[in-house]
Amino acid sequence: MAVLDVDDISIRFGGLQALGNVSVKAQELEIVGLIGPNGAGKTTLFNCITGFYRPNDGRVRFLGVDVTEIPIHQRAAMGMGRTFQQVGLVKGATVLENLITAQHTKVEYSAGAGILGAGNTWAEEKVLRQRAMEILDLVGLAHLAHRRVAGLPYGTMKNVEMAAVLATDPEILMLDEPTSGMGPEESHTFGDVLLRLRKELGLTVLMIEHHVPLVVAVCDYVYCLNFGQLLTEGKPEDVRTHPEVVTAYLGEEAEEVA
Amino acid sequence: MAVADAVLDHPDSAERAKSVVRWIPRLAAWGVLAAFLLVFPLSLETFHAQRWSLGVVFAIAALSLNVLIGYAGQISLGHQGFLGVGAFVSAYVVTVHQQTFWVGLLAGALSGAVASLLMGVVALRVRGLYLALVTLAYGRMAQETLFNLGIFGKGSGVEAPRPALLLGDHAFYYFSLVVLAGVLFFNWRFVRSKAGRAVSAVRENEQVAASYGIPVSRYKLIAFVVSGAFVGLAGTLYAFLNGRVDSQGINFEMALFLVLITVVGGLRSPAGILVFTALFEVLPTYVGDYFGIRWSFWLLALGPALLIITLVFYPGGVGQQIKPITSWMTGGPFRVHHGEQFVQEGVSGRP
Amino acid sequence: MQQFMSALLLGLIGGAPFALLGLGLVLVYRGSRVFNFAQGEFGTVSAFTAYLLSFRLPIGISMLIGIGVGVLMGLLTERLVVQPLFNAPKVTLLVATAAVATGSIALQLAIGDAALRSYPPLIEGNAFEPFNVPIRWQQLLVVLALAGVAIALYLFFKTALGTAVLAAAQEPVATDLVGIGTRKMSALVWGLAGLVGGITGVIVAALQPFTPGYVTSDFLIFAFVAAVVGGMTSMPGAVLGGLVLGLVQSFSASYLADIRWISDNIPAVGEVTVFILLIAVLAFRPTGLLGKEA
Amino acid sequence: MALLEVEDLHAGYGALPVLQGVSFDIPEGETAVLLGLNGAGKTTTVSNLVGLYKPTKGVVRFDGEEITGKSPAELVRRGMAMVPEGRRTFPALTVLQNLKLGAWVRRKHDKAGIDASLERVFEYFPRLAERKDQLAGSMSGGEQQMLAIGRGMMADPRLLIIDEASLGLSPLLAKTVFAVVDRIKADGVTVILVEQNIGALRHADRALVMEKGQLVYQGHGDEIRDSARLRETYLGAPA
């Protein structure tokens, strides 16, 4: 069974068809790449999957459950973790605090008990803290635990953001341009980290990525979007050399189409 | 076993001794502070008990406003309206329904929470500038209508007799400090637990918060409830401090005064808020005594100027300026941690 | 019939100051995207100045100088508060302008005192008494000023300069790129706001004895509600909103107060209706009656 | 002589350096395309050219005169206009009002010239003429792009910089927009296109490729289309 099964999604904004009949699948433990030029609808697709947009047509199934109608936070609680193009973190808080915040759905005490400082909350806070530190260790950010997010370099923030999403304990990790702001070496390291995380945490990954070498290196399967339509899909090597993909990226045929 | 654990935790007893030594000057500083707040008032010939207690009341109200503006990023320019609800309801419960002061205190906190919750429901739909306007209009409506209702004495106000235990000026002042300590405790647990973190995430970015599984609307409402309960307590103290409550004085000037001490004190900085409230509420009494009433009007004009200067140049407020001291007092070094610069978000999290 | 007509007349007359002040609020909102809580004080300070000068100078000249001081206050507010907070969230600016207002009130208290003051109206006495409702000349002057300011602002926004002001509020970067200069436009908007506020102040101050902070405490919230009801970006909307608000107040004062239970149990029922009106508009029609933008 | 000369430009935001010594010349009458991936520093470069930001180091000359750090208003007067990224049309103003604001610096002394420019813009984009009383905010992305270019041309510039002209446009609209760029060039205006889309090369005499705040390639369009390095940058391996 597919972890994520996006079936024939369409969405319109005003007169603009942002996505037309797009279907995407992610099997367990797969790393799936989503490529395509700017404005192709990749982030829109993410927003449909995670519940920020309601598609006009089509269904989203997650772990076998139809989640098309349920709100964002419930999908997150089910195990959908995502990052944002513009880093999504509480910038005034420290790295560690962010990772604790991200464990929201794992906290067992009620909001009220926390405010009153009821008995078990103190102990549980310690556990949350420990788990956060473990994740920071795992992604190699432990030395930054007590730094404020606001002062960190952009590339580091992106890594922290991914760590925060890992703290939500996701079944699927959806990354929106994880390597933007990173140099080639950092991107390369990031690929290694991603492969390791999949193995250690048993993650399924769906990622939007512009850096094609990284996509080729880590993805098991790739979808290419263009103008809201699925241009092609397949093994990374096949997609990369697919003539229409080459032209979509180089933008030559695009002009001839009309 | 327990001993072994303790040794494992502190393998080096010299290290441990050092940490005890480290705390000696800090404990001394805490002692001086406690003496100033608790013992010094006893030695004053004319102790402005009203004024000192009022300072504590406003500190609690400012901590309440800090929950809304600082943590939740929701503006309220009608906070005096919630303070008033707490004041009137607690006085009403005690005077008309013959309940004890303690029941009144509980009723004050609850009614403040409920009134604030209702505003929270409005805030789910109305945002930013428009919410500011709604809260402002609410404050005015509360002053003109709500607090002049028949049950609240039709404009003549409600008696708020203190219980025997709190009749003395000093007694009431100490009791106010106890309530303040309670509010500080809850504020601390709020910030360091699930609810406070969720509320901060919602302030910073609702989409990110939702993607962490946080139900955005629910936590906005929780922030309003917590804030309302705090200010309801402040309102109760306000009523019983004066012995009666009427709608005079619970006006827009009070709302703006609360915004002033909260923002200049420092959003998300309870210590800064307490220090600035103490300075700004208690000092003018003495200035007025020594230099005459006109001086206190000048001081009144100084407040807004301070507010603007803070907004423009020191968005972290007093809290940011005294950071080295608060850091040291709580066991850290006498400096600002690296990367702790205040993130400029202004009064509200979003534009 | 008598009751209806008198409520109608009183409502229209009573709404005119809200509309006049509301025009200033809409002007600043269109030109700076700021809710200007100092708009009322531009008026009170002008009135205060005119009052102080009127002991030495003819009232007309005092009023002109008073309006000039209003303009100056608008420009100073822009330079010292709005400009430095250009990139801050708009709610921060709202709080800052509210601080300008309270600072101004405190200064009036420090310089003068809390006593009631009044200066003679430009024209004494009643103009006419339709349906036994006495309408004073000064009240008609408010309506005239409203018409004059509304027309002048309407014409201003038809000019190239008026368009440039709107552009600066909508897209500051593009405004700079075409060479307009966002800062200059901002100063212009606030200067004009001071002018409109000043005119409002010196005219409404003659309606009744005034104290420090008079325009703010008696009119500002209602002017805001009027502007929001009108749509916040629409000049005709502000005028319409002001009149609607005046009518809502006078009709609720007249008819609701007739209902025994209400007059016995709900003090200042007009305040409640205004509050409900505000929430209802924001919840169900956030663009107001005539606003186009959200 | 080159119309625009950029020498050793350094710039950034706050303490964060973005550009690290960028130098290039654009001869009058040519169209240049500035290529690079997200975050390469393209928008930072042009924002510093037109005066939206002040460079921390380096010299910019326009028509032989130094213009480093001058205000956008001054630069528009000298004949340098920019169509910003994301169009940034004035949403609550009509198409005609938007266009007229583009000619702001000429409004006093060149009324006839403005009318001529307006006619020319309507000729480039007949769609704008049809919709001249419509609010800009209610138009589609493509129409807003046309309007933004039209507004830039209303300044009657000698150099027009267009940031991401084809971003988010359908193939047909992108084609229309690039066709107009060709006409603008034919009318004697020097053009800099900032693009991620290599297809823009066919409309350019000269290509500049940026990577990580530095210029890594300058040359003629036809040379670069076969460049293995460029293909590598975009597709990861020589294809």
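Order of writing sets the labels: A, B, C and D. Residues in every chain begin at 1.
Convention: a contact is a pair of C-beta atoms (placed from the backbone, for glycine too) under 8 Å apart; a residue touches a chain by one contact, two chains touch by 3 or more.
Predicted model only: the values in this text are computed from it and were never measured.
Just to note, of B-C and C-D, the chains joined by more C-beta pairs in contact are B-C. With chains reduced to the mean position of their C-alpha atoms, the one farthest from subunit B is D.
Centre to centre, using the average C-alpha position, subunit A and subunit C are separated by 50 Å.
Distance from the subunit B centre to the subunit C centre is 33 Å, each centre being the mean of its Cα atoms. Computed from the mean C-alpha positions, the centre of subunit C lies at a distance of 44 Å from the centre of subunit D. Work out the mean CA point of subunit B and of subunit D, and you get 53 Å between them.
Within subunit B, contacts with two or more other chains are made by residues 345.
If you check each pair of chains against the touch rule, the ones that pass are A-B, A-D, B-C, C-D.
Of all residues in subunit B, only 185-186, 189-190, 192-198, 200-201, 204-205, 207-208, 210-216, 219, 222, 226, 268, 337-343, 345 touch subunit A in the complex they form. Across the complex, subunit D meets subunit A through its residues 37-39, 140-141, 166-172, 174-175, 178, 196-200, 202, 212, 234-237, 239. Residue ranges of subunit D in contact with subunit C, taken from their complex: 50, 52, 71-73, 76-77, 81-82, 84, 88-93, 97, 100-102, 104-105, 107, 135, 151, 155. By the touch criterion given at the top, residues 160, 163-164, 166-167, 170-171, 173-181, 233, 292-293 of subunit C touch subunit D in their complex. Put simply, subunit B touches subunit C in their complex at residues 75, 77, 122, 125-126, 128-130, 132-134, 136-138, 140-141, 144-145, 148-150, 154-155, 252-253, 256, 259-260, 263, 294, 297-298, 300-301, 303-305, 307-308, 311-312, 344-351.
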